[in-house]
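Both complexes shown next keep subunit A, but they swap its partner, so subunit B is in the first and subunit C is in the second.
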Partner chain A sequence: MKIICDKNLLNFAVQTVQKAVATKTPMPILTGIYITTKNNQVELEATDYEIGITCTIDAQIIENGSIVISGKYLQEMVRRLPGETVNIETNQEDKTILITSGTAQFNLLSLPSEEFPVIQRLKTENKILVKDNILRELIKKTIFACATDESRPIFTGGLMETRANDIRLIATNTHRLAFKKNEIALQSKKLQIIIPSKILQEVAKLLTSDVPIDVEITWTQNQVAFSFDGVYILSRLIEGQFPDYNKVIPNDFSTEITVDKQLFLAAVERVALLSRDGDYNIIKFLFKDESIMITSNNPEIGKACEIIPGNISGKELEIAFNAKYITDILKNLDSDIISISLNTSLSPGCIKPIDDETYIYVITPVRIN
Partner chain B sequence: MQGILHVDMDAFFAAIEQRDNPDLRSKPVIVGGLGMRGVVATASYEARKYGVGSAMPMAEAKRRCPQGVFLPADHHKYQLESIKLMALLNSFSPLVEPLSLDEAFLDLSGMDWLYQDEVDLARKIKQAIFNTLDLTASVGIAVNKFLAKLASDLQKPDGLVIIRPGEEERILADLPVKKMWGVGKVTAGLLEQMGIMTIGQLASADIKLLNKHFGNSAQELLLLARGLDDRAVVPNHEPKSVSNEITFEHDVTDEEIILIELQALAEKVGWRLRSINNTGYTITIKVRFKTFQTITRSITLPEPSNLDEVIYQAVKQLFEKIKPAQPIRLLGVSVSNLNKYSKQLSLFAEKDNLRRAAVTEAVDSLKTKFGKNIIKRGSLLKYDLSNKHD
Partner chain C sequence: MKIICDKNLLNFAVQTVQKAVATKTPMPILTGIYITTKNNQVELEATDYEIGITCTIDAQIIENGSIVISGKYLQEMVRRLPGETVNIETNQEDKTILITSGTAQFNLLSLPSEEFPVIQRLKTENKILVKDNILRELIKKTIFACATDESRPIFTGGLMETRANDIRLIATNTHRLAFKKNEIALQSKKLQIIIPSKILQEVAKLLTSDVPIDVEITWTQNQVAFSFDGVYILSRLIEGQFPDYNKVIPNDFSTEITVDKQLFLAAVERVALLSRDGDYNIIKFLFKDESIMITSNNPEIGKACEIIPGNISGKELEIAFNAKYITDILKNLDSDIISISLNTSLSPGCIKPIDDETYIYVITPVRIN
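So, the complex of A and B:
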């Protein structure tokens, strides 16, 4: 193999696929990045079997071939290369690799490229198109609500669904749920898959274009792929039945509050300072008249109390929440005024941006005596 | 001050019964399963004179000590006493590791400022136990867990033994190997076949020979025999599962009775889970048939639970799938995959379970106040289960 490519382009491709390079694996080949020539392009690939990423870039191909280079070393090396272009060539059997750029020269051993599990693109009719800014927003606004512990795998992923003309992503750890939908052009295929949250986070990080571009999502029974801008990300799906989220989004409320988001967030963060107790940061809220009283009480440390103004209609209510579940959503709401809708101190409530039904957060309270 | 203190209550279950009923004092009291297949849980010191000991078949105990007072085990009562005991021990050291209902290790590191010396501390603990529970305990103190546990056993009842550094070898030398922690009948039998009767002989045994019989645990055995043990005192040993079993006096085929027994087991397991503030995801049923063939079946709940009804519904469902074709000798219910009980409510919890939790809370507070027999499910009244379960 012999190729010449732009250093910045190569660096972009290496950093992109790097996310899929396996670090702890009994299979050394998975610690490598696979580079292969295709027409006037080269394709870089990495996979740890959970996620596979392919990135295709333009290059000048002098001689075709395939190699696998240690991902760790390639990544460190490429971003430090002094030249504007990089030459990569191999000896006869593709066993050793010579990389030159400007004044620098590296000789690397190739891992056995025939052992690399080359990523097979999904062959399926299941296909939809979504703008990258929409997909990024869906992921960013919901995926934080996923469960982190693996005891129930289904909740470590986000449920992605399409309806007639919207796409939605739902994430929950069973104690809180985030729902976000966006309108999209009419789609012929109905999508309903559970994608691991780690994969969605990586996808969101790679969606960085300034001008909206199309992301093609394809899926089968147990895999999903995101394809955009020469990048192809393949992931397994989480199998199982996601519970009916519509059932847990409450509709009728007896106490409705509107409040300034910044004011509310700052007060909650202050009061929560004294609330830490194991996994819980329990803080209490009293919604009464035109004020919100936020308190915390940790017998071993002390107490905190703050009263801020709010617009409250309906019954007065005292309710306790895990402070983290409140701050998580407040940090993701764009509007200045937010709405909080509640029923009883033991039933779930909703937090939303005011006048926006496309983003809903459901939160369960903590039982207090 | 450094070292480990082991507290072991003297004939705990029997002593509680004797304390609560003056008529039983100075009589041989034997607590355990009273059915034909029951075994002795605890024998009072009076009963031990007749050669009655723990884990002995009840029939054998009755033969050896016909004049004994035989009582069913009231685990609920013993558990409440145990909670008091552990609370008391916790007031002496920040590092307390309960080993069972009536045993615990205390780490003495850094307590020099609080007590004169080890003996002073041990006396104070024994006194406090006596004052609070009106029961006696034996205490052992040594540099590690193994020796401390061994020490508490040397002068029972009401003992206080300190094994000081340098004394281990002399004390261990002539003790039979079965006195060692973790050496049961099987291991002791194997060792005896190899001609190793005492801990001293084990300490100087050939590691290669031990390896052949005990594999990886040979090294551990050898270190223990030499009085070496570096296990730390770990407070709040989190349990991995909670289970209860019942062996029937006569093998059972009647499904109605089986379901009632499963309900009783589910209630016991639920109660124990709640008393340690835990819930669990996985419910398992164990069925042993007349032939001793034993099967287990499990189910994982969407939400962790500690509610009697939820556990019962799960085991009932599992049992109905088994469709047993032969008489049943033993039933067991266990909950594993434990998760600390959380006051955080769940989105997907069944609405019924909120109500059930409230009812359970009320029932539990009654049981705590007035004893476990104060309130019962109607279906459990039909049969007298109380003296069969242990």
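So, the complex of A and C:
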């Protein structure tokens, strides 16, 4: 193989696929980045069998071929190269790979390219198109609600679904649930898959375009792929039955509160300082008259209490929540004023931006005596 | 005790003494910040017996007294308080401390203030004055050369010395030595002490004034104190005999090189990528004609080679160094062009800014075959 490519373009491709390079693995080949020539372009690939990423860039191909180079070294080297272009060529004699750019010259040992598990693109008719800014927002506003505990795999992923003309993403750890939907053009295929949250986070990080671009999502029974701008991300799906979120989202409430988001968030964060080291990070709320009293009590440290104004209609209510579940959603709400809807101190409540039905957060209270 | 103080001032004082709050200690009292009223001001103190910091601020004293509060919670709480002023008062009944600011109210358990090892200021005639920007520069330009290995304590500190009208700081780990001096006004007392590098780093971080201020340094046989702007930092000294640095700095050289610092640093960092994981991080230099060839070789990864232009006078020379010892000094040199002075491949060399005799770095080569 012998190629010449733009340094910044190569750097972009290496950083893009880097996320899929395995770090701890009994298979050394997975620590490498596979580089191959294809139709007058160069394709970089990495996979750790959880996620596979391919990035295709333009290059001048002088001789076709395929090589595998240590991902760790390639990544650090490429971003530091002094020249504007980079030459990569195989030294047939000693099987090393010569990389030159400006005054710098590296001779790297190659990994056996025939051992690399080349990423196979999904062959399927299941296909929808979503704008990248919509996909990024869906992910950012829901995935934090996933479980981190691997014991129940279904809750470590987000449920992605389409209806006639919307796409929605739902995440839950059974104590809280985040639901977000966005309108999209009418799609002929109905999507309903559970995608690992780690993969969705990587997808969101790679969706960085300034002007909206189309992301093609394709899927089979057990895999999903996101394709945009020369980038192809392949992931396994999580199998199993996601809970029926429609049954989880309550509809009728006896106490409705609206409150300034910044004021509420700052007060919750302060009061939570003392509860944080406790087992459940519990803080109490008393919604009464035109005020919200927020309290915490940690026998080893002390007590905190804060009273802020809020607009409360319906029954007065005392209720306790895990403080982190409250601050997580507040940080993701764009609206200045938020709405909190509750029933009893033992039944789930809803937190939403006011006047926006596309984003709903359900939170289960903690039982207190 | 009952005091009212400005929130930002209190926050400054808490963050300042925070560096001395013990985190891992069998003595719970050392995890606290001691707050006491004194001459119509409030003094905050923390100590872990390695370093002690006192910060004095103005406040309205309503009732004198002394308290100790958990440093960790006080620090996080104060910077988040909603009001512009903070009230702190002891609740005599239950021995808790009530902190109120705006809508927030905290009731913290207090630690027994009579157990706190109050910091005693040094009583001594040994005293010099140094501008804070000079002290900060001395520390920044030398302390990185200290040993991190605690087995030879003398090398974990910097030697601070005064001569007739200069102050100097010298640090070495026996493989490299950094020397920096600055002119100061004639001092009547001669200083010669070894200060732990960790303390010097904290001192440098706290010296953040925009306009130069005087720092008073006082010392006894086994302690040193830095005093400025209401802040008092007390540290133990390291005992022992520091090596005679004048004998370490070579004077005659057979090869003299001048080179562009950025060009040299970037090339060294690239070539060092491959040597970094080796035992000694060794890279080789060949100074010959008008060029510098920098190479590294890692049998498990590959080779790197870079040739950059340099101005070389005297004998050609091949020599090897620990790459980190080279990059450390290059990052601290302000000059665009640097000078490297060498003798043989086995004798120490010097790296300096050109035309500046106040900053000298000595580095011992690594033996190669």
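Annotations
The working rule: the second predicted complex is superposed on the first by the 364 of 369 C-alpha atoms of A that agree within 3 Å, B and C clash if a C-alpha of one lies under 4 Å from a C-alpha of the other, contacts with A are read in each partner's own complex, and residues count from 1 in each chain.
Criterion: contacts are C-beta pairs under 8 Å (C-beta built on N, C-alpha and C of every residue); 3 or more make two chains touch, one makes a residue touch a chain.
What you see is a predicted model, and the numbers here were worked out from it, not measured in a lab.
When both complexes are overlaid on chain A, the residue A:Lys123 reaches neither subunit B nor subunit C.
After overlaying the two complexes on the shared chain, residue contacts for A:Ser151 are found with subunit B alone; subunit C is out of touch.
Put subunit B and subunit C next to each other and count what each touches on subunit A; the higher total goes to C. Of the two partner chains, subunit B is the only one that A:Asn322 touches; subunit C does not reach it.
Contact with subunit B, but none with subunit C, is seen for A:Arg367 once the two complexes are overlaid on the shared chain. Judged by the touch definition given at the top, the superposed model places A:Pro243 against subunit B, while subunit C stays out of reach. In the overlay built on the shared chain, the residue A:Cys305 is in contact with subunit C alone; subunit B does not reach it. No residue of subunit A lies in contact with both subunit B in one complex and subunit C in the other.
Across the complex, subunit B is touched by residues 151-152, 172, 174-177, 243, 248, 280, 282, 322, 346, 348, 362, 364-368 of subunit A.
Across the complex, subunit C meets subunit A through its residues 70, 73, 76-77, 80-82, 96-97, 103-109, 266-267, 269-271, 273-274, 300-308. Here subunit B touches subunit A in the complex through residues 281, 302-303, 337, 339, 342-348, 354, going by the rule given at the top.
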